[in-house]
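Here chain A shows up in two complexes: once beside chain B, once beside chain C.
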Partner chain A sequence: MKLQVTQENLQKALNAVARVANTRGTLPILANVLISTSNNRLSIAATNLDIAITHYIGAKVSQEGSITVPARLMQDFVSSLPSGVIELDLQETKLHVSTEQYKSVVNGIVADDFPSMPAITTGKQWTVDGALFKKGLQQVVFAASNDETRPVLTGVLFQVIDGKLYIAATDSYRLAEKQLGANSEEVRLLIPASAMQDLLRVLGDGAEKVSVTHDDQQVLFQVGDVELVTRLVEGKYPDYRKLIPASFATKAVLKRSDFVNVTKVSSLFARESAGSVTIEVGETSGELSIRSVASQLGENTATATAQVTGSGSITLNSRYLLDALNALSGESVLFGFNGKLEPTLLQDSASKDYQHIIMPLKS
Partner chain B sequence: MKLQVTQENLQKALNAVARVANTRGTLPILANVLISTSNNRLSIAATNLDIAITHYIGAKVSQEGSITVPARLMQDFVSSLPSGVIELDLQETKLHVSTEQYKSVVNGIVADDFPSMPAITTGKQWTVDGALFKKGLQQVVFAASNDETRPVLTGVLFQVIDGKLYIAATDSYRLAEKQLGANSEEVRLLIPASAMQDLLRVLGDGAEKVSVTHDDQQVLFQVGDVELVTRLVEGKYPDYRKLIPASFATKAVLKRSDFVNVTKVSSLFARESAGSVTIEVGETSGELSIRSVASQLGENTATATAQVTGSGSITLNSRYLLDALNALSGESVLFGFNGKLEPTLLQDSASKDYQHIIMPLKS
Partner chain C sequence: MQQDSLWQAVLGEIELTVSRGNFVTWFKNTTLQKQEEGSIVIGVANIFIKQTLEKKYTDIIKETLEKNGVKVQQVDYRIVAGPPRTPQPEKQTDHGDQPKLSSLSSDIPSSQNVFGAPAKDVLSHGYGQGLNERYTLDNFVVGDGNELAFAACQSIAQQPGTKYNPLFLYGGVGIGKTHLIQAVGNAIATRDPKLKILYISTEQFVREFVQALRQRNTASFASYYRAADVLIVDDIQFIAGKDKMQEEFFHTFNTLHQANKQIIMSSDKPPKEITPLEARLQSRFGGGMSIDMQVPDFETRCAIIGTKAQSHGTELGHEVIEYLATNGQTNIRELEGALNQLLAWCEMRGIEPTMAIAASLLNVSKARPKHLSAKQIIERTARHFQIPMEDIVGPKRDKDIVVPRQVAMYMLRNELHLSFPKIARELGRKDHTTAIHSVDKIQKESQVDASLRNAISEIKEHLYA
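The block that comes next holds the complex of A and B.
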């Protein structure tokens, strides 16, 4: 392999894929990125056996070939090189990387040993708007669970209902669902949240359309010059939709920034009580106030004005509340709840495309 | 105690002192800040028994008093409040903090139990330019040791030689010395580097003069509205000056940015060899090149053009080299060395006010 590539392109590709490479694994080669040529294209790929990312960049190839080199080293090395042309020259398993100023030899492992993901031969394909998809993932993915003992909850559910695509995630304490517009396919995919985190990193400004191809084993996302393949999560996802309350005994509409501030301040006094805060909504006062459950440190009551229908109070985890408020984007937010133990809902007062459910704490 | 203070001032004061308060200590009250009034001034103070910082701010005091409250909570709380007037109202040991929107009660500990540093009654006093002092500390303090088994090396030495003030620090592998201008006093102080780190945080933009008062036990720094008192380190400081080479068998002058870049790149390949890199200087080639000691990962040679007198090579820890290059500020740097085991020197090629010594590694 012998080729010339710009530092800018090579760095971009390495930054996109290197994170997936894993140095803590048992297979040393999984800590490497695969560098290989095809005509005048260079592909940089990394995999952890569950997820594989490939980034294609233009290059001036004078001799075809492929090699794997340590991802972390290669990424740090290339990003510390000055912008301009970099020459890659493979001799046996040693990759010679040189610019005017720098001459390096990176020891590689032959590409034959690099595991490749099975290709998706037969399957559905559809596209989704990049910007909308990115926003939606950001609003949903953090609600997924990290607890490997319940694998289904570590996934993000993609499903089409009545011709519309929805993505949803829950850790059983909170739930986020986003509607991503019309989709004529029949879709029901459970995709690892970790893979969606990696996808978010490659989505960039979300300018490009995202093409999605899937069979019953795995799913392929294509964004510009990047391909991400991931295995699907197996198991039955809970029927979360019946949790979403349709009506509320108590409703408050207030400025999101106000809600964020009063929650932040109260949460400081809730450290000893695992973040537990009590929200009180008064119809006559026209206020939403958050009280920190009194603690050694002291106590706090913070108040914001709101349009209220029906009075009541409910106790929530302030961290979940902040996560939800930060995931919303509208000027003002609707907060609704019923009984002390029933799910609460947060959404933009203007739009129902994004719904966020938080289960209350016993108080 | 009852008073009104602006959120801006209170936050500024808490940020300056809270870091010194220590939650991991044995004395719970050391995790608190002391809030006390004197006329229309409010003083916020914290101490860890070695260092004490006091920040004075203006306030509208309607009733004198004092209390100590948890530093971390108070800092986080005040900084999350909106700008504007905050009212503090002490009732027994409970500090009521309120704004229009927020009403909080912070549980305190009576001020009587708060340890106070002995005042400096008799002692020398002199001043130093704030900007010069800040720059000098930044260039020197990181070279001090963290190893408590050799206490003297955890200090920064202040001494006046031939009517000039010098500050110096060394961990025995490297040494930094900065000249801070004329001083007519007889000064020889060994001050904990940790205290100088805290002082750096309160020096701000260094616009104000720094006034220094000391006896043989402790030293007081006054900067604007802030006072920092620290105990002195006891013990005999090594006579480091005889380490500084007067002449060099090999000398290279090159652009500092070039030197930084070639060192950075080489250090990536030196991870397995504890950062050890070999610098080669060629008089005929007119180049300085850094070679990473070959490793599992590979090897690297990076080259920069330089004005060279005398050829030679020497092996250094690349991290120390980067620290030194980042501490320098001039366009171009002078790098000089003699034998393979003798100290090397780095300084701005234009100025001798700052000298940085690095001991070589055996190669």
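The block that comes next holds the complex of A and C.
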């Protein structure tokens, strides 16, 4: 293998995939990245046997070949090189990496031992708008659980309902759902949230299309030059949609930035009570006020003006509330709840595309 | 050869030919799914393993199979759901935050868990286990000695985690501690099936913890216990002297307690007497409600026998019940034993249980005091209190001698059913009213004084050992 590649491209590809390589596993080769030429391009790939990422970059290939090299070393090395052209030359299992100033030899392991990237030959394929997808994932992924004892909730659910694609995640205390536009396929996939976080890292800001291919065991995401394959989570996802409240006894519409500010201030006093803050909404006063008490430190009440229908009060975890408010993007937010123990809903006051549910604390 | 043992043999051989990393990664959790003439199907955990085995190891597998006497042309691989995944090492760093996270989220009672019902699938498997439905609050017989405990349990069953938290029940063997705490668990489970109720014996808790330590999986151990809504621990006194265990229990206790989750414990001694136990645990155990459960009085014993007989489907005559209650043991478990013996005897012969049968049966089982003499009892009592035999029967009236003497009288009365004048004589007293007074006094005091009661039961244990 002999080729030339720019430092910028190589660094970008290594940054995207090297994180997946696992240095602490039992199989040494899994701590490596696979560097190989294909059709006059260079592919950089890594896997931890749960997910696999491949990044293709342009290169001037003069001799085909492939090798695996330690991911961390390669990434650190390439990122400290000056920008410009890097020459890769493979001799036996030693990869010579050279620029005008630096010359190094990296000991590799032959590529044959590297697990091959799973190919999905049969299955459904559809696309989704890249920018929308990225935004949606950011709004949803954090709500997934990381409790491995309940695997279903560590996944992000992709499903098409009435011709529209929805993604949703929950840790059973809060739930986020985002609508991602029309989709004609019949889809119901449960994808590990950790893989979606890896995908988020490689999703650029460009408006490129994301292509999704899946069979019943794995799913492949293709975004520009990146391919990510992951297993699907097995199990039945709870029927969460019936939990989204449709009407509210109390409803407040207020500026999101106001809501964020009062919550932040209140949360300072809620540290010792596990983040518990009490929100009071008064119809006559037209105000939403948040109150928190720290028996040692003192207490706090913060107020924001709001358009209110119906009065009431409810106790929430301020951390969950902040997460939800930060995930919303609109100018103003609608906050609705019913009884003290019923789910509360936060959404953009103008659109129902993103809905976030938080279970109240028993006050 | 059996499929399993065949595959184990094959794996054993392959383990020697490939590197350890390769074996662990590719072969470890594979299974033999199907074996037919000339072809086999191997179950693997994921697509990567499938592809790697297909590409690189099919020949080795075929060869090794042939060595084991199975010739195959075709090896197929199928992805099957593997054993529960252990968290990726990569994620283990996140576990540092996890107790925080779970303590935050466990603030939300799971009755309000968004997915109360589906929560059954993985997390709550195991919750609710260990509860025996036979024990209910309804069939618990309430008497003087356990009234308070029962009332506390009823209140907990109504509103777990609010009033008496933690509830600490203690008392001697066979007086219904386990029945009562199991009954609370059952009552809560019936009232709100979504609550995660964890009933566990201390021994089991210790064993699971040791296992978690060995598998380096303490995080999931902790999160499992800390996710419970009601934690019931039986025989907590066994935690004494297990330092690491106490620390883990301390954190679990704190997490649950702060989140207003109900904790119920039972023990054979009060928190202060469990040693060695860390002071912070001691004070926490006693921080809610500690209740001393007493040996049931005569009426309660009658009621218990009546209820037990009823649950067997037999109605016992009034006098039979009273006979059993008078002559049977104060320990309920033995009382039940005597009752079962009577019922089985009658059932076997198809006759109604009568006074005469009860008397004859109980006499058989009551044979044991016969080998006891008054002297033995006095000696044993003296030795227990570490005073010389001469003193206990002598004229001294110091307090530390009078009490053992009174205990000895009480024992003579209760164990040997001696007459009061005889008791007085045995202990060198002239007046039988001294004996009457002593027996009466110890009888009353043992109701309130746990250490006195323990002394008596210890002496008894030694006598019958």
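The definition used in the following text is that the second predicted complex is superposed on the first by the 359 of 363 C-alpha atoms of A that agree within 3 Å, B and C clash if a C-alpha of one lies under 4 Å from a C-alpha of the other, contacts with A are read in each partner's own complex, and residues count from 1 in each chain.
The rule is short, and it goes like this: a contact is a pair of C-beta atoms (placed from the backbone, for glycine too) under 8 Å apart; a residue touches a chain by one contact, two chains touch by 3 or more.
Just so it is clear, the model here is predicted, and its values are computed rather than measured.
After overlaying the two complexes on the shared chain, residue contacts for A:Phe335 are found with neither chain B nor chain C.
Put simply, more of the residues of chain A are touched by C, taking chain B and chain C as the two choices. When the two structures are aligned on the shared chain, A:Phe248 is found in touch with neither chain B nor chain C.
In the superposed pair of complexes, A:Asn261 makes contact with chain B only, with no contact to chain C. Of the two partner chains placed by the overlay, neither chain B nor chain C lies in contact with A:Phe221. Look at A:Ala302: by the touch rule set out above, it reaches chain B but stays clear of chain C.
By the document's definition of touching, of the two partners only chain B reaches A:Pro82; chain C does not.
Contact with neither chain B nor chain C is seen for A:Phe133 once the two complexes are overlaid on the shared chain. Applying the stated contact rule after C-alpha superposition, one finds that A:Val105 touches chain B and leaves chain C untouched.
Touched by chain B in one complex and by chain C in the other is not one residue of chain A.
Within the complex formed with chain A, the residues of chain B that make contact are 70, 73, 76-77, 80-82, 94-95, 101-107, 261-262, 264-265, 268-269, 296-304.
Across the complex, chain A meets chain C through its residues 22, 24-30, 47-50, 52, 112-113, 115-116, 118, 146-152, 170-175, 194, 217-218, 231, 234-236, 238-240, 243, 274-276, 317, 319, 341, 343, 357, 359-362.
Against chain A, the residues of chain C that register as touching in their complex are 20-22, 24-25, 46-49, 51-52, 55-56, 79, 81, 84-91, 94, 98, 101-105, 107-109, 111-115, 117-119, 121-123, 220, 223-224, 258-260.
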